[in-house]
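Okay, structure first, notes after.
Naming follows writing order (A, B, C, D and E), and every chain is counted from residue 1.
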Amino acid sequence: MSALQKETMNDAQPLLQVKNLEAFYGPVMALRGVSIDVFEGKVVAILGANGAGKTTLMKTISGALAPRKGSITLAGEAIQGREPDALVRQGIAHVPEGREVFPFLTVEENLAMGAYIRRDKAGIRQDMEMVYDYFPILLERRNQPAGTLSGGQQQMLAIGRGLMSRPSLMLLDEPSLGLSPLLVQEIFAIVRRLNKEQGVTLLLVEQNAQVALNTADHGYVLETGRIVMDGSAEELLASDDIREFYLGQSAGDDRPEKRWKRKKTWR
Amino acid sequence: MDILQLLVSGIANGCIYGLLALGFVLIYKASEAVNFAQGDMMMLGAFLGVTFINTSYADLPFLVGITLAALILGLFGYLLDRFVLRAIFGQPQFAMVILTIALGFLIRFVAGVIWGHDPTSLETPFIGLVWTVGELIIPVVDAVIIITTVALTAILYFFFARTRLGVAMQASSQNQMAAYYMGIPVKRINAIVWALSGVVAAIAGVMFAAKGAVEPSVGLLFGIKAFAAAVIGGLGSLPGALLGGLLVGIVEPFAGRYLPSGVGQIAPYVLMLLVLILRPGGLFAQISQKKV
Amino acid sequence: SDNKEEESAAAESVRGVSDTEIKLGGMHDLSGVFAAFSSPAVQVANDMFAEVNAEGGIHGRKIRYIVEDHAYQVPKATQATNKLISRDEIFAMVMSLGTPHNLAAFPLMDRNNVPSILPLALSRQMEEEGDFSHRFVFGPSYHEGVLKGVNWMTDEYGIEKICVMYIPSDFGEEVNQAITDAAAGQETLTLAESTSHRPDESDFTGTLARLKDAGCQLVAVALPVRPIISVVATAKEMGWDDVKFVLSQAGFHSAVAAAPGGVTEGLYGVSPWQDIVSRMKDVPEAKQWADEYQTQYGSVPSGGAVLGRVGAMVTIEALREAGPDLTTDSFLAAMESLDFSDPVTGVDIKMSATNHRAGNDMILSKVTDGVWEPVVTLED
Amino acid sequence: MSLLQVKDLSISFGGVKAVDGVSFTVEPGEVFTLVGPNGAGKSTIFNLISRLYEPSAGQIVFDGQDITGLPAHKVAGLGIARTFQNIELFDHSSVLQNLLIGRHCRRNTRWFEELLFLPKVRRSERQHRLLVEEVIDFLDLAAYRDKLIAGLPYGVRKVVEIARALSSEPKLILLDEPASGLSVEETQNMAWWIEDMQKDLGLTVLMVEHDMSLVSRVSNRVLAVSEGRPLAMGTAAEVQADPKVIEAYLGTEATS
Amino acid sequence: MSNRFKSRYDDDINLFEGRWHLAQYAILMALLVAAPWLLGTYYLGELTAVLVWSLAGLGLMLISGHTGQVSLGHAAFMAIGAFTNLALMLRGWHFLPALLASAVTSGVIGAIISRPILRMSGIYLAIATLALSIIIEDVAIIAEPITGGVAGVFAPPIALFGMEIDRYATPEAFYYLCLAVLVLVTLGYLNLLRSASGRSFLAVRDSEVSARALGVNVARAKTLSFSLSCAITGLAGALYAHLAQAVNYESFLVLISITLLLQVVIGGLGSVHGAFFGAIVVVLLPQLIAIARDFFDNAAGIKIAAYPGMDTALFALLILLMVIYEPRGLYGVWFKVRTWLQLFPLYRKGMFRRTRTYLKTERQR
């Protein structure tokens, strides 16, 4: 990305802007002043080790958690503290970590719930066909209670369900969790297609940093509740720290030494 | 006395249990909460019916009275959820159990203050009317109760199975957070369901008062029996509630007739235990093993 | 001042009595199945005590009536008794409701020398258990009342098969016993069926079918107030009309008579006094009181209200009689010397060292046009 | 002799044949991996081995003993421990408590002895704790010892679950997607741990995993299944080269 | 205090975390032992009631709080304990063996019914046990030779160590008796919780599949927990019979079962403290209400007693507010206070603000 492009981007108003966000679980502080910008039509990836607060950030944006401090604006409107259902109506779809399907509803009912806020019957049908097209196994199992699907099938369902609301901003929390390599490729192909063809903006949390950064335009690195690094996907892919800690491409595989190495944390 | 006769009154009796059980099931289906004050809400409904319909009070036509009672109790259910139950949204199930138990006590108290503790009956247009079919005597009240219950069950059943809102209610009960992520206004849906169960409780109450007499304490134990009926049916199932209600209702008169006295009255509970021992999730269970 | 101290010390020594106050206690069912009796009784009594207090109390002492709710549960009743006696240190227990509840309270009351004044429970044990000198009751026991009523009815209507429905409490058991004794006492009479019921039972179709098949001609009913109405209404609904029902004193309540649709028409009941609604037609005092009651509480005075009135009157009279030097002994002596009539309820109270019953009559009434109308005064 | 023999195992749910005549053997000391598309029946095979499901046909022999008819709770005692794909920890207990529960199958005290907390019980508690501490050291969990599970991040929970399985001193450990949700770095750690389990602890590992880099790195043998049936079997490289596996499971880019 | 350094595994195994912790409980114990000198007879009686209900609460806590199987029928086991004790004493048994028999009988009956009953879970189990409680009411009427039928039985005085113990005649002695039983049971309870059986209970509560996979015989663990729970509750029933002096079927109405559950939930499900906190609330709150009511009646001249059931209603209202304020029970409050003290002065405002929480279905096990 050229410097010029970057300039014009900064002029524009981001679709989603998070400023100085702080969030707590009881007395535990999980976000310590996080700020990110997500511009319309972009794919933004968030990287970070376990427990960094990625899921917490996603939940706070989509309203499942109320932030203690800070602001979240969506298309210029302050949305922090609102309930998730209101945000869905404003175009946010959140595919949560760990699938969270409705276990006693059938696959088809789950998908229908994804389109809960929509009224256009024909459009809903069409999108359902689209999801079935992406994940043929779901079509085959459309009358099976979602709770009895295999882990990966549930993940497909969760993603498909997220698509059903026709979001303008989609939050994907570890979409590739438990998917076969083939499907991981497919998921990211779908992400790219959504982004290119339907102009959906995506905020992505993903452990598979390689794939994530290949798909994303921009990336943030979150560590213990703080953003410690950000840059375009290319920049991050080129960064040594990222290469070592998120891509696993450090020189050599000298194990005994690594075994006892302390995890790198930025503070 | 005729077995058929016992059956008729058992069915009518069971329908009232069924109606009340519907209220339990509604709330359970939409939030997996159990409303231990359901019986007391029914009692409120009965008193409201009495207030609107009886000559010594408002003296309104029967249908107007029942509608008013249903509306008021519906509103009550809505406000209850909005201002009391919402405070513990997302909290463990047994917080709700305790909350509704406490609510029941409060409702009984308030009813006692308003209507006193004397038993009161409803003056229905069909009081004392019976149809005679051969040997069989069918009180008109019973017929009305049976028709109302079956119709209400059918309507609610289709509402849950077929409508978007109905499915959304089930979704909210299965995973509140995911339901939220789908744009389902979970809290509002809870309020709606409480309102709905208020309406059902009012109808049950009016039917109850039409058949016998009410006083503030009837709700508690009648509620427990209806709860047993709902559980026999398998808490999540509306037709199950009706079936459970009928079973309890039918078992009672037959036990009263044929079992030694002092034993017959526990028959509904023994029946429930037997059903649960054979099918730990009730007749139409919706319990499954977790897929790991 | 020395003198005064001595005086107050003497007053102090009587539990529940100070220079300015007399503490009385009562445990009641204010929220259970017999609340229909307790709550009007408590209301009326409180009103009457308030009236006395407004006039300066009795010998300068105001009455404080401390009421605890046991919701017709024995454990709560014992707890309440303990509270009233040990914490509030009441002088006497007044109008506590419920046979088993009173029986459970007696040991503690006797241990602390607390008299029992006209409990809302008329079982034989109310007079028999414990210290008789400390026990005063409203009138003849359930056993006596029901037995007399049934004997009269069997004679009058030529009844041969008698049945009983009761709740399994000391109260119900006593009525059951009365019916058994009635059947045993008459050659021509047999006890055809007896059934016991939970207080919360609501459907009696099965039981009534059974009683009908057993050929019952007269059924004594010892159930809480609401089920009584259900029983009679169900019998009507089933088309079983060649049967008579009779209630004990504990069913003698105007709500039973006034049940809508006339479902309780033709029901019999025994009681120590005439029903106030029936009485007010002829007696102006009764009418006046009933009207006042009606304006204040929005309903006619029921059996509970009448009991409350008589209980409070007896208590007040006895406290007056006992004089300023109130001790348990002086109070008991005063109780035993009571002799007065209440024009409102028509009750003549005359107690003595051997008669601890406030009323000695027994009336059989029948519901006619929604009112308990006396049929006959039962003699021995 | 093979440690685990699975013969002709089958189960179906309603119309779906989730596992359809699968046979394989796991030799002592090896890392044996199941791969296959989502819904192929891998977790179901695990559930059959740990006796949570009743097979409709087939036999499972562990350590020379036919365990096909055994109740589920007896399996751990024989030396089979497992983790779950969706993490099934005891959420309201601490990490330490979780690991101690892992030692349940090795308990040697009776409840009435515990009621009195006889010296014997204390000794046994110390013993359990000692072994659990070894596991904590092994998996580097010391920092989380007294934390409640409910507040732990996903990745740590995965490790705790493995630790809990190890606490039971198993011979065979079943790992259902041990690396899913882990970062690259953590996946590396996982690989070392699995190697250590195999080499240092002498464990046999049966694993389900989608991360092919991990699979290639640690597995001795790989079995690919699809739609409940075996697809290919061999070393990781062999299986990854199999065209059927590539088509059904790996896709084109995955060989990297 | 919070960062106490642990140097031996025994630090985790021991009941008390170090001297200060031990000292706290020693002080509490000393206060309890001194109570007869500190309180009047009436309040000593109420304190005795707190002990008895704590014991019953402990029983329910074991199965419901620690094993996750909610019972709405524990009054049934109080009944079994009470009637067993009195029936045996009236047949000439000494108190102690009769007390033991109460525990054993309740426990054995619990064990027998636990197998079919504990196949259920959640609200199904709750309602099944509720039915049990209702059935026991009638059994208590029918089993006249044991239970005295409708009239019930009166508790004979207890002869123990050459002393006559009676709730009214010798309230201190009865108080100490209850205290001793409670302390012993609590110790046993804590012992169980810190060893394998207790952990298997927790495992069953949190995840049955995992527990099974780890070698916990789930059915057996439930049965053990249920029988022990019943045995403890049976003990409480026996003491209760002597506290109330007389029991009949009404002493163990289903409402008592409900109150017991209310007690442990208000106290805090899943904590031993919770059983005690809950008992304090359930026994003393009505007392406080009565005191407040009498005060208003007297001082302000407001006739609260004119509204029948006001006491119960106020009690219910306070319970309701308590649940709304702290759905996790008083133990939750206690926990916050403790954390606050430990963090002092680092306490931050809003630290305990409730985070949004969401429920998931419990129909999947």
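Methods note: a residue touches a chain if its C-beta (ideal position, glycine included) is under 8 Å from a C-beta of that chain, and two chains touch if they have at least 3 such contacts.
Please read these numbers as outputs of a predicted model, since none were measured by experiment.
*Asks:* How many hops, at fewest, get you from chain C to chain D via touching chains?
*Replies:* Contact-graph shortest path, chain C to chain D, evaluates to 2.
*Asks:* Can you name the chains that touch chain C as well as chain E?
*Replies:* Correct list: B.
*Asks:* Looking at B-D and B-E, which one has the bigger number of contacting C-beta pairs?
*Replies:* B-E is joined by more C-beta pairs in contact.
*Asks:* Based only on mean CA positions, could you tell me how far chain A sits from chain C in angstrom?
*Replies:* One centre to the other, that is 74 Å.
*Asks:* Go ahead and note the Å separation of the Cα centroids belonging to chain B and chain C.
*Replies:* The separation of the two C-alpha centroids amounts to 35 Å.
*Asks:* Just curious, how far off is chain E from chain A if you go by their C-alpha centres, in Å?
*Replies:* One centre to the other, that is 47 Å.
*Asks:* Take the average of all CA coordinates in chain A, do the same for chain B, and state the distance between these two points in whole angstrom.
*Replies:* The answer is 44 Å.
*Asks:* Going by the touch rule set out above, which residues of chain C reach two or more other chains?
*Replies:* Counting only residues that touch two or more other chains, chain C contributes 30-31, 35, 38-39, 168, 196, 198.
*Asks:* Touching at least two other chains at once: which residues of chain A meet that condition?
*Replies:* Residues 25, 64, 103-104, 147-150.
*Asks:* Among the residues of chain D, which ones contact at least 2 other chains?
*Replies:* If we look for residues of chain D contacting two or more partner chains, we find 43, 52, 84-86, 88.
*Asks:* Touching pairs of chains, which are they?
*Replies:* A-B, A-D, A-E, B-C, B-D, B-E, C-E, D-E
*Asks:* If you look only at chain B, which of its residues touch chain C in the complex?
*Replies:* 1, 5-6, 9-10, 13, 54, 108-109, 112, 116-123, 127-128, 130, 137, 139, 141, 212-218, 220-222, 249, 252-258, 261-262, 264-265
*Asks:* For chain D, which residues count as touching chain B in their complex?
*Replies:* Where chain D meets chain B, its residues are 43, 47, 52, 84-86, 88.
*Asks:* Going by the contact rule at the top, pick out the chain E residues touching chain C in the complex.
*Replies:* Spelled out, the residues of chain E in touch with chain C are 41-42, 45, 49, 137-138, 141, 149-152, 154, 168, 244-251, 253, 255-256, 287, 290, 294, 297-298, 303, 305-306, 308-312.
*Asks:* In the complex of these two chains, what residues of chain E are touching chain D?
*Replies:* Per the stated touch rule, the residues are 9-10, 12-13, 188, 191-192, 194-200, 202-203, 205-207, 209-218, 224, 228, 270.
*Asks:* Where on chain E is chain A touching in the complex?
*Replies:* 339, 343, 348, 350-353, 355-356, 358, 361, 363-364
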